[in-house]
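So, here's a batch of structures to check.
After this come two complexes, each holding subunit A, first together with subunit B and then together with subunit C.
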Partner chain A sequence: MNRVWTGIRANVSTFLRTPLNVVLALLLPIVVIEGWGQAMAGLPSMPTVEAIPIELGRLLGAIFGVAIIAGLMGLAQMISARAADRRLVQTGYPPRTLLATRLAALGGVTVVVAAVNYGVLWLTISPGAPVLTFVFLVLAGLVYAFLGALVGALLPRLFEGSLVVVFLAMMDAFLSGDSPLAADVPEFVEYFPLYHPKELLQEAMFQGTYTTGDLGFVAGYLLVLLVLVTAVFGVTMRTSGGWSA
Partner chain B sequence: MSRTTTAFTIGIKEQARNYVLVALLVVLPVSFITLAFAVTQDVEMPVRTLVDGETVTVMRGMPEVHGVIMTPITSALIAGLAGLFLMREAKDTDGRLAVAGYRARQVITARFGVLAAITLIVTGVSVGVMLVDFQPEHLWWFVAAMLVVSVTYGLIGMLVGAVFDRLAGMWLMLILPMLDIGLFQDPLFIQSEPEWWMKLLPGYWPVRVMVDTGLTTDVDTTLSLVWATGYLLLVAVLTIGVYYRITQEK
Partner chain C sequence: MEASTTTKGEATSNKVLVRANEIEKTYGSSFPFTRSVTVLTDADLEIRTGEIVGIVGANGSGKSTLMNILVGVLEQDSGTVERTGTVGWCPQEPLLYDRLTVGETFRLFGSGYGMTAEEIDEAKHRLASKLDFEQYLDYRIDQLSGGNRQKINLSIALMHDPDVLMLDEPYTGFDWETYLTFWDLAEELAADGTAVTMISHLIEEQSRLDRIYEVRDGQVYDVTDQEGETDATASERGEETDE
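Presenting the complex of A and B:
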């Protein structure tokens, strides 16, 4: 248990040691939520194009903000520590414990990022179900944090990883976000990472309820991602016992 | 072979050796831009642009307008991230090149050359994919503005890489082009005179040119392209200055 706590503390303090990261994690949500809300509210209403109320624009900004901050954090967390992780595994640190510390730290920071986003949202909109809204925002962040971690475990460098996460998030925000610009959205959009968290959040925010099916889907999504990250991480950390790995 | 050419060739080989990166530079613009065209509603939307020197509202198909925005956003995002990571690599290694006898301008020219090559590829692929669904009224003006905005974002990525670490840099280089080009310069969302601060963003002048030359038959934004190029030069001077300092610090 000591190892786990030491690992989590080390991971969190690595993040906190860079004050600019902390400042940006606090400031970017304000910029994204307000920017998204104000810009989207400018879309004119046309016969088949529905105008977007500013509140919905802000909500979509919050989901995208949480997802992208957490997703890139997950990616950076896995790739920048890969060499160090290998050495830790060679010195006897079990890969699963190591991964658990990484994901726990990631989860903790994601909760804080979601709290900041929630705070910004709360200043301008009163949510129908405040606790649920916060929880669903955390879930949206966790999905992308784990997805970022998976991409980070699979790809060799941050440049390629960031391209994958960034473009996935952009497509996801466009297709899952009920964009009035889109029509004929393919059915597979339902499997995009933000689709169900967005449904949950929108319902909790504006109606104060949630659909169990959406929640189950998100829980399943998280579980699948967790299994995949664990498997890929295990493979990449496999050592033959020598110093060459 | 001169030192600059050697450094440039090594830089290009280093990127080209990475097949995942090469594949992504092609696959991402193709999938993103194609998808954007495929799912956008085919309806006419009001667009504010210049016609005969006057700002007027014209009706244009939403897929075309969306294409005018999604194409530059794709290349700006990739160029920005490329600039960011090139600068981060430079911070780690280029000081050593200086110690080995390289002049700062040789290293800078080589690094900028690699960024220019990546930007050209991404711009070429993005415009090529766009042409499948949409042909701008004045293709070469459109391409010129695309290049200006992409290179500008590539250099901004370098500046961000000089100041911020990788994580913060990635956040900024996603959110800045996304908000700038994707929301604040998108004529679908901004239907009135843009706020003063929107005009200070890197995408303002080039996107103005793209909307005009992409969607109207006359070219009314020559001056905007001049301003966009001026903006690019300003960012380039800043980046060179920052690069010089970083290389000398090592």
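Presenting the complex of A and C:
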């Protein structure tokens, strides 16, 4: 029986049969995109702070919405399955194949989440480059999906892992997002996971173009995360000595 | 620390399928204010074809640790384990994917064993009929009772007809009928040459076991020929024993 296809189907089924996942993926974009947009637009009421346009606020809400959902999905998929994964690997299922099927399923879910966020965004803003905007939303989601998977491979419990992912995503979106409340941010913010996806998305949305350097940075980020999650997952799934099949 | 394997088909009658020598295991932590616990200090044992082997011992004596090392899901600190053939492992807690149905669980683990779709289907129906869970094949694991979940846990260990079965209290939650069926199955498998190894707590089971190993003070003692009960079974009944 084909291990890859069986594994992907199992991972997608696991996601779809967790009602909270589906509700979050469908409802959170509306709340976050509009909430973030209105919050940003409402800033002029504060002294010495100049607001960013509501469209940019909504865009930041969309990128945060994709990142937080994909990150939490990546985390939950790794942690909830950890003990059963060890048993599956013991049967002879290769750990790398198992991880690949999980990341493939996670990628599919991220595309759907990005599509929902894009749809909500599209209702209020007309993107300069629609396809690029969607692709860059997917990339932002993938970065956090892999990051969530990495945290899930490292930390044994969902509660601690969720705190890490949520806190990181909020800080990241806030500091990377041109917020007037986060002026004079240090230069290392450029290395935050959402900084370059946000630059790509903003450019595609409002100017219809993109910068190759930002795209390269995101690709590199994904590659590094992939290597890290593969290494950590491999260590956690290591068995001592095999049995002949 | 070493582990070696040989291929299926080399096993002959009464051949040693698993041999553990001088196994040591300590659970430690690099964090401050935590304690390390030495579980196994010099454990040796052999498991042969066609035997039903019981591993007994008091709570916390290291039975599950020993079994996990024999299966290969836990690394020993030192010592060697030689393994021959294929293994079916039934952990104490059902390690299954809660959101998958019983049928999907068989498919996923069967693909891990390298079985074909037909082989998986045949094993699923054979074991469902034997252990009486045919009506639950479309149920999700998290919708099953504890006893039925344990039946699936056991079936996943059995589905590929392994040479060695490693069972960690496999009958937890079974009703009486299923418990008896389990023993019939274990005896059938042993008669066919499968080495059945199980962690057991029940004194009345000892008459069914061909060999009994007791884990005590970090070591493994062959207490098969000792008359009466072991220290472990006595202490689990709350009686004083001589060390």
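List of remarks:
In this text, the second predicted complex is superposed on the first by the 232 of 245 C-alpha atoms of A that agree within 3 Å, B and C clash if a C-alpha of one lies under 4 Å from a C-alpha of the other, contacts with A are read in each partner's own complex, and residues count from 1 in each chain.
The working rule: contacts are C-beta pairs under 8 Å (C-beta built on N, C-alpha and C of every residue); 3 or more make two chains touch, one makes a residue touch a chain.
In this text, all values refer to a predicted model and were calculated from it rather than measured experimentally.
Touch criterion not met for A:Ala149: it reaches neither subunit B nor subunit C.
Shared-chain residue A:Leu201: touches no atom of subunit B or subunit C. The partner of subunit A that touches more of its residues, comparing subunit B with subunit C, is B. Applying the stated contact rule after C-alpha superposition, one finds that A:Gln90 touches subunit C and leaves subunit B untouched. Of the two partner chains, subunit C is the only one that A:Arg17 touches; subunit B does not reach it. Of the two partner chains, subunit C is the only one touched by A:Ala81; subunit B is not.
By the document's definition of touching, of the two partners only subunit C reaches A:Gly7; subunit B does not.
On subunit A, the surface patch touched by subunit B in one complex and by subunit C in the other comprises residues 18, 80. Interface of subunit C with subunit A (complex): residues 1-8, 69, 71-76, 81, 83-87, 89, 91, 93, 95-100, 104, 107-117, 120, 140, 156, 160, 164. Only residues 18, 20-21, 24, 28, 31-32, 35-36, 38-46, 62, 66, 77-78, 81-82, 85, 164-168, 170-172, 174-175, 178-179, 183-184, 186, 188-192 of subunit B touch subunit A when the two sit together in their complex.
Residues 1-3, 6-7, 9-10, 13-14, 17-18, 80-81, 83-84, 86-93, 238-245 of subunit A touch subunit C in their complex. Partner subunit B is touched in their complex by these residues of subunit A: 18, 20-21, 24-25, 28, 31-32, 35-36, 39-40, 42-44, 46-49, 68-69, 72-73, 75-76, 80, 155-160, 162-164, 166-167, 169-171, 174-175, 180-186.
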